[in-house]
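Here the chain labels run A, B, C, D, E and F in written order, and each chain numbers its own residues starting at 1.
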């Protein structure tokens, strides 16, 4: 079991590509995305269902070492500042199966 | 980074409105919902796919201060008691981008 | 509130049945599944959308006592070794509504 | 006139009904077949729009217009209330089911099953029997009153049964407190429930646009109806089979009683429908409204109003017993009766 | 020639437009109706393929082929640029909107709304008026240039407005640094955006396959168009109504200005289209391209290029104001004008 | 008789095949186009039901009924087994691929590709060539035996290759332990796999209902087939292109070998099919079954039975090499051959 940080980001589906680019730049090469998240935040309610990408949110999760997590947070902060969303960091143990 | 509680609820899709109403009453104004959760619990297996709302579950997550989390738990307990589901609480750090 | 382990597994959708069988064998009788997870890992990118089950990932989560979590980890490790994926374990409190 | 065996054979050997059994078999044989939920929900919207728009287009052509439909709407309302009330007392007296579950089941029996409705239309189409296209649109007039009546009876029963327990239960108390206010909410909710909303909305659209100018859309909605219905019944088969399993913990007497109530409601509907001037086809569709047990609007209403009721019970009964019964035996019987009366 | 009231009546009493209002009402009445997102996205792919393939099949038959379309493509490009530029200056001068938001709004006004386009086609079909099938395919020629022009103006405004603030903002700085490089990326992105990509791709397919051999697919794509459009507009109604709410925080003057710009663009398009030889039907479709405000390609481009702009503003305006206006009033007006000019 | 160049041209300029290339280009040009997964899954259910129901309706009309199909089913079974076995030895001997991967690839080559099957039907339709509608229904008779044969050979190879390693691997051990028991499970699984299940189920429905009474559903299933196939192939193009990339780590010799095996299987199928009395069209559909490489049932079976095999290898080969080859070159060749033999 490896100690990792579990970074969770909820962002507009249009911004996924940007978030992923930031991840790859700080060296994170493992992440998962779930589409079709609805909810409520500072920008009001977002519909769970729409054919227009800019109106739906996505959930992005990465399990990574603490340094990468810290670098990612720095990298996505300006994005969150502009477009809103959520970024949570928590502790987890990753099963080391190799 | 702000210390928050990450409250996760899995409930029948029909009950989302009720859960959200409870959230808003305890002052939680940020939450996310993912539909189409299947699984197994005390009420048996739930199908992952059905056009009938009352047969599918939803995942609701809110990052909030500890007091709100506690109030929410009190508020949703009767609902869980009746209709089943799951409520987990864990610690997380929320990126403070403002 | 009961102290539980929150085991999260991301695996190929074809392997869900196997993972669930392993869960049931170690005595876990509560779990949730979310389909349609995309992402990137050691096997490259997986598409978020495909009608072919073997090309999509699923997210499986179980809140369970620590012993069951440990048994589950042992049980799924060979599967992860072969087909890749992710298994995270973290701490959480489960609301005891009974 | 068709012989009942001919009708049954036609029904059993029609593609939609066979797709239902294909769905049932998928569960039994543990096939990984499932209808993606977005497709399933799209299918329901399509089917409801289809029957709504056809109903509207027909009413637009009727001499009396909307007014001519009013007596039927009133009859539907009375049917909903009566079936719900009769079911409630039968369930309590004969099966000794508790008030909450009796109320929820009674609401389901009184309210409408969209799948039964659609199978009835498809059966008539198969046999080339016409029907009054406005009859399916009576749906909400039977649905909401039945649910409201059932909730009323269920709560009344709970109050009588156990005043003390109800008082100590915060949810029940809360509900009692603003019972009156919630009545309006239940009516609104059952009319804005997505299926009924699309049905009513399409009906109004059909009324406004009228049959001539709907030709293009009608082709789409009418022509695809049978094929889409096959997909819908495939999913209904899967749901019925997986729900039936959950009934094992319940008194087996629910099976004959559910069938009896359904049969009684359907038979009565044929008589009343015929005497109100419906054609045999129209009387069968009306019987389908009365005989079917709801599995969509009822759970939504009951969770809020009779939360003590067990969803497995009423969902299992509506999907696993009443629907298969009507689809395979009930509808042919009602048709036979309607044709007999029409002679 | 049709009287404008007749056209409006036909339009308002056509099923697709009525389904739009059914969607609006669903939000107002708090119905739980929603179009599943996978169905919604499938519907858009279908509709875009449908208009693309028909456009291609027609161009394949035209005497001049692709070359004959070139002057129209150039005109569309000029329209996109002009509407975007004019809107930008009107928004800044009249409403004193900041550069970023003015740029984003101007891009939306100049670019194309697929829903407006489709309603124009459906209106002409309802009235039995023919149109040049290649006109809808001018979409990308108007869309991308408008967006690029708007971004250019928005950035230029930001630079002028506040050089200091822009310099201290890492994102804005970054963008300024490689502004030129990104221009290509924006064009590529607006052409590979799924809707436009399917439209252009299907157009090429239609061109290659040709009308005779497309008969089978055309039946599918053509025949289902109207019905599928009903579902699409049902969702557009839901989106418009839920977006309109968010506009409450914005200067109410945006409403008349958005309508004015739309009306001016549409009217000009009718004049220019007619003078280029388009039939009245073709001129109306061209007007629909010009008058509609984009809500798909614009948010994608603006998030990257003018991230300071508020999405609620341009989405709310495009979906909540411009689209309903064109659907209900604009298109009949353009048709009336086109028919008048054609006399 | 058609010239091969005409056939190729017809094929390449048919809408479904062009939609495949549109999908490929979407990946290359990094378009954000994707077919929503629920729509994709709905499309597969529709297409499988469509070919199943037509097959059933035809068999219902055939003089010999189901019995007349039996010799073809047996032939399909032999083809599946033979292609799987031959491929296995070619892969091991010529390319020195390890037993697990050779087994998985062999299973894929022997089993059936639904997309190839559908393109063959669409090609014949484009050319107006008839075919025996029951041939597509031979699918499961070729699919399951091929997979079982391949697993058997793969395991036998692993056992021989490395007894020690296999013994120390808990999963492999486990599998060896109850290898025999699992054979039945594999057959059941490959018949209850959603696609095959719907195909077989619809076939039975078609048989029961019969062609006259299926008219309404047939219209839906038949008429929409071509259009829906376009959407399906658009997704197949996206999948093929994204999978092909992953093959870069593999011996490039897999490309000619995959093509060779496919061509040999298809050619043999034309000869045998024709000699069994199939029309040229029927022989081509039979060749499509033999020549295509499976990407649906094979991964499911191999993950359980030959878990050491690398999914990227067999998925990449089936989707990225064999399918595009058959779609563009293979099928026209088989048709040419079948027509030549029929003279």
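By our rule, a residue touches a chain if its C-beta (ideal position, glycine included) is under 8 Å from a C-beta of that chain, and two chains touch if they have at least 3 such contacts.
Note that the structure is predicted; figures quoted are calculated from it, not measured.
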Touching subunit D and also subunit F, the following chains: E
Fitted rotation between subunit A and its twin subunit B in degrees, CA, nearest 5: 120
Chain located farthest away, centre of subunit A as origin (C-alpha): D
Subunit C and subunit D: spacing of chain centres that average the CA atoms, whole Å: 39
Rounded Å distance between subunit C and subunit F, as computed from the means of their C-alpha atoms: 32
Separation of mean Cα positions, subunit E and subunit D [Å, integer]: 42
Residues of subunit A touching at least two other chains: 34, 36, 48, 53, 90-91
Residues of subunit E whose C-beta touches two or more other chains: 32, 34-39, 41, 224
Pairs of chains satisfying the touch condition: A-B, A-C, A-E, B-C, B-D, C-F, D-E, D-F, E-F
Subunit F-facing residues of subunit E, complex: 36-39, 41-42, 45-46, 49, 53, 188, 192-194, 197-198, 201-202, 204-205, 208-210, 213-214, 216-217, 219-221, 224
Contact set on subunit A toward subunit B in their complex: 8, 10, 34, 36-42, 48, 57, 59, 73, 76-77, 80-81, 86-91
Subunit D-touching residues of subunit B, taken from the complex the two chains share: 12, 14-15, 18, 36, 43-45, 47-56, 78, 82-83
Complex interface listing, subunit E residues touching subunit A: 34-37, 40-41, 43-44, 170-171, 235, 238-239, 242, 246, 295-296, 299-300, 303-304, 307-308, 311-312, 315
In the complex with subunit D, residue positions of subunit E that touch it: 10, 13-15, 18-19, 22, 25-26, 29-39, 125-126, 223-224, 226-228, 230-231, 234
